[in-house]
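Two complexes come next, and they have one chain in common, chain A, joined by chain B in the first and chain C in the second.
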Partner chain A sequence: MSKRISSYSIERKKARWGWIFVTPTLIFFSLFSFYPIFNALYTSLFKKKLLSLKPPDFIGLDNYIYLLKSPDFWNSIRATVVFTLGTFIPLLIFSLIFAIFVMSRKRFQNFFQIAYYSPAVLSSVVAAVIWLLIFDPRGLGNQWLNLIMNSPGIDHKWLANSVMVQMSTMLVYFWKYVGYFTIIFIVGLASIPQSIYEAAKIDGANDWKNFWYITLPLLKPTTILVSIISMLQCLRTFSTQYLFTQGGAPLGPINVITLNIYHTAIRDHRIGRASAMSVILFVIMLLFTWVQFKSSRADEISY
Partner chain B sequence: MKKLFTIFLFVLLLSMTVNAAANMEITFWTHEDPNRTEIENRYIAEFEQANPGVTIKRVTSGSGKIQELILTAFAANQGPDIFNMSIEDEYAYIVNERLSPVDFEAAGYPSLQAIYDAYVPGVLDPVTYKGKLYGLPLELTNWCIYLNKKVFRDGGLDPEKDYPKTWEEMVEVSDKIAIREGEILNRRGFDFRYPYYLVSTVPMVEQLGGKLISDDGKTAIVNDEAWLKFLKFMQEWGPNGKILGSPTYTNARKLFNKDNNDIGMCLTGLYQQGRIRSDNPDFYNSGDWMVVPFPIFENAVKDVPAAYYGHYYMVNGQKSEENQKMAWKFIAYMLSHGEEYLTKVNIVQPTVKLMESETYKSMPYSKVFTDDMAKGHVVYYGENSAEIQSLIREAVESVMLAGVSPEDALKTLKRKVQEVLDEG
Partner chain C sequence: MSYTLQRKRNKINRQSLIIDIFIWAFLILAALFILAPTIFMFTASLMPANDILKMPYRWIPKGFYWQNYWQGIRGNDGSFIYIRNILNSLIVASAVAATTVIFSALAGFGLAKYYFKGRTLVFMIIMATMMIPFEAIMIPLYLVTTKLGIQDSYAGLIAPFLVNAFGVFLMRQYFITFPDEILDAARIDGASELMIFRTIILPNSIPVIATLAILTFKAQWDNLLWPLLVVQSEEMKTIPLYIVKFMGEKHTDEGAMMAVAAIASIPILVVFFKLSKYFLGGAALYSSRKG
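Right, the complex of A and B next:
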């Protein structure tokens, strides 16, 4: 009996220390994540103007109903989906390829890691400004492509064509984040025990078989992690699209949900409607993350 | 002992209160303009010396960024004491009652009427709301065409005779001046100021008989034919038409000062002269630039130049009464230097005295601006004017760049602007 009491008190002691360590983070998240989420949910039920000092009118789900009927909002969903698919799939594939390439190098491994990772250090705003200069009609983008394609004088309309401007935003995002995910894959690859490859070698497996039957299955947790992070990053994309439209690019093709939220709140002063849009984006992100987690749990890896 | 402690506490609180009153900080947010910064920093030093204990904190931001900074600050009830923006961005602050009405006594006027009498008739109308005055103008600006004579001559044109009087001539002249490498423009004849559609492109529609909002304020986008013609003109101007310009090229107004043979004409106000003078004194003194009126369409039904707009100094109504009074006193002090603003910054404060002064009349090309202003009207302003401007931008840039037909763009524009009007 006394043994049970003492183990119970040790458990309690452990739990107390657990709470002490977790509390600062909980306070931080409560202030900067949970409060804004609940506040946005609450605000989305009101017709509220950003500058108005009058009490806002309660309108229930009207903001959501308006959005679901709005062609602009559906265009934003389209732009976000196109951007996310067009960016996160290449990001996933190429960061894995680059990671394998870096790991297979005997020399200059560090150099390649720094080279791939360096764009991720830049802020998104700086990256977009650099690319705005490249995409200027008289900029390096046209000059390089015309040199490679031997097509002098062609304006590839990086920002001045509805398809090209979408490609341009994807290109900037890909360039900025591919190194970051490459590093995550490198860590994942390094954690696979060498003994498995050695055993496979004894059994006569070649590099291709190693990749398909050892590397890829054992890399599944990293792949899931990268796919979730990259997809969430893509869904939250803002600064590239914002700066490109400031630089003269047409809004419609790249009016992703976050940009629409910004315009609705800051330009149009409709904070209630913008909050409703952010709640919808939150639900979409939550749903995708849940689906990915669900699928990743199907067969967990252990060495 | 207890009594002594109470007295000590009282003295401490009193000294803190006196200290707080004696040390008043006035925050002043404005857009970047190096020429203004130079003289306003001096006014601040002089004002602080004349009003001990008062500190003016002047903060500048880019002219495209300040709207957002002020808005978010006000939304969090943390707006500055003094700010200025263009009236189409400021009007929402008046309607939402976020501002302090002008304190005529603090501003040094005997009555409110005296302020109205001091300014050119009508210029205070945009800041008069429910019988109260909410702003004093830092500048009243209209835009005309600045022209680089060297570029004209290089294009085989005589700037004095061949400058464009109509938009059709603007296309022809720009085509002659343009230097292209295939589809890429290395030198543009002219290009628009793309984000500012209410100021410069709505008047083009009005020349053709169209209107942004009907006279009764209930219908948006009046006269489809005029709007369609305007949208088609812009489509032809862009990279999918005659390749004369595009929002994706560097802002023409910025390039103009450099005199680098990459732009022939740009659209801007009298203030540009001050900027040319400080950016490129050789070009300013060369006499190789001139200013001509805003063009009109050949078959225009109305002669409408670019709309004029005001930047008004405003005071945050959420600040203490003392701060509001001091803010108006400081604004009046700055605005008492109208001639210096004109000669050093080239911005016009529309007081009767200044507009009739020899200093204004002797400014290069001031007559061109005055004549255009006399024919024009103030820019469209309303609670949602900034939103409407963005919708026009979306429409124009969709036909110029995104391959949307003018008919579809017009349909979308009409629907969206009408929705803004209906929602209020």
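Right, the complex of A and C next:
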């Protein structure tokens, strides 16, 4: 602590440089994060049309009231929730299984990691375009499913049936991100000290007991992290649904909130209403982030 | 007695062998399922359209049907606009990666190595932006860009992504472990703070810079929503927008579609296989985000 005696002015100078280094980022965030979110809150209280020269009318909470009464918006909530639950639960389970299985191998660990991760590298537009072809009535989707179910010649209507089209979007998302979460689980697994397993081995634990009483409890923070990240990502899904509707799939079953915001603002020019939707989406995601924060604090594990 | 022990051991061995085979089979089948669509894209891009949707699908193309690639690059109208759009994607993604690295490194350095009043508050404010999803602010951002008159331009495409909180967090975490003694030694030698940043900090953080640059580049390469809002002209479209447009055109057949998708994927896949450790490291770094 001799530094403190050396000179007060050096500390002052350093403090100034600290500010200089963070200022560009702070300015950016005030302009491109904080201003827009407050603007969205503000605009959501107005009846505002895109491209309209008329000053917007203040209508209070009417936009929110309208949305809460609108079956179209509730359908979007339903589509988003169904998609989120239907995607993140399989993602969580399978990425955990993949990670444990890959880590249990002595060879080819790297190969499997790269192979599983590779779809995450492709852009989501490319992913959607590929799967649109796979889901063609004559495509690979029907061929594979008929092979598994031993039901030759049946068209499963991947894109036409309202249940199937939801499953299809989930499958695309699952395919694209399962490797990504596998890697996160592998990192979590690698951070569990090997000595714990050795101790358990001396106590006569088998693989199954190891998994159930050591791996799973110690992996809890990673599991919570993965489930929250994947949930947040699923709530924000846009590209797959957009591309699928562009490719001829019905809009209704997969009209997720982000898609609805886009259509409301850009096609219908209703900026106020779209802002209200944005705010609702923001609040939902804030809740999830809060849960993440809470749970990651409560689950600090020391080995 | 030793006989029964032997039998028991054999039984355990056989059991673990079965489990072993099961795990291998599971992993290989999963790998096949995950790789199949990408392989499908590449094989289909080399086939004439009526071979692609043939049942059953033949995984090995009969010959190389290069016309798909020609049609994809040329476009249905012969304008070769795809090349321009690929360039746009490259420009936007590179610019965003560069600015993100620079601003994140600066802010991360400031937060990690300088003690000033309100430092914790500044850090918390920056982290708080992580909770604001882009989808919730895209409409106000769109209105701002139109007001500034930078819609349908590189500036408009790049501006909302100049830096992100995750990058700042990543850099800060990395710089915190950097020994203060080296920085102080440089100060005694008369180096300015900017010089320290340029000549000591940056050259010693290549791995984390590479990871952040790659992740940011990838995210922009993938970005559909924002360009969809701000781009109007064909010249300013990025790859995702071109693909959407190309898909909707009447003369597009399945082969050309896959060729366009393959062209969009080849650069990023090459980078991925070359630098897979940074991608995989990136996912790992992301997992350290908590707290």
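Convention: the second predicted complex is superposed on the first by the 261 of 303 C-alpha atoms of A that agree within 3 Å, B and C clash if a C-alpha of one lies under 4 Å from a C-alpha of the other, contacts with A are read in each partner's own complex, and residues count from 1 in each chain.
Note that a contact is a pair of C-beta atoms (placed from the backbone, for glycine too) under 8 Å apart; a residue touches a chain by one contact, two chains touch by 3 or more.
Just so you know, these numbers come straight off a predicted model, no measurement behind them.
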Chain B versus chain C, judged by how many residues of chain A each one touches: C
Which of chain B and chain C A:Gln246 touches, first, second, both or neither: both
Touching partner for A:Pro36 - first (chain B), second (chain C), both, neither: second
First (chain B), second (chain C), both or neither touched by A:Ala115: second
A:Gly204 touches, of chain B and chain C: first, second, both or neither? neither
Which of chain B and chain C A:Trp17 touches, first, second, both or neither: second
Which of chain B and chain C A:Ile266 touches, first, second, both or neither: both
Contacts of A:Pro55 with chain B and chain C, given as first, second, both or neither: neither
Contacts of A:Leu225 with chain B and chain C, given as first, second, both or neither: second
Chain B versus chain C as contact partner of A:Ser162, first or second or both or neither: first
Footprint overlap on chain A, comparing chain B with chain C: 136, 138, 142, 246-247, 266, 271
In the complex, chain C residues that touch chain A: 19, 23-24, 26-27, 30-31, 33-38, 40-41, 44, 52-57, 103-104, 106-107, 109-111, 113-117, 119, 122, 125-126, 129-144, 159-160, 162-163, 165, 168, 184, 187, 193, 197, 218, 221-222, 224-225, 228-229, 239-240, 243-244, 247-248, 254, 257-258, 261, 264-265, 268-269, 272-273, 276, 279-280, 283-284, 286-287, 289-291
Residues on chain A engaged by chain C in the complex (per definition of touch): 3, 10-11, 14-22, 24-26, 28-29, 32-37, 39-40, 43, 97-98, 101-102, 104-105, 111-119, 121-127, 129-134, 136, 138-140, 142-143, 175, 178-180, 183-184, 186-188, 207, 221-222, 225-226, 229, 232, 235-236, 238-239, 242-243, 246-247, 257-258, 261-262, 265-266, 271, 274-275, 278-279, 281-282, 285-286, 289, 292, 296-297
Complex contact set, residues of chain A against chain B: 49-53, 72, 135-138, 142, 152-155, 157-162, 165, 246-253, 263, 266-269, 271
Parts of chain B lying in touch with chain A, wherever the complex brings them together: 64, 68, 71-72, 74-75, 92-93, 96-98, 180-186, 194, 238-239, 243, 246-250, 384, 386-387, 390, 393-394, 397-398, 400-404, 416, 420
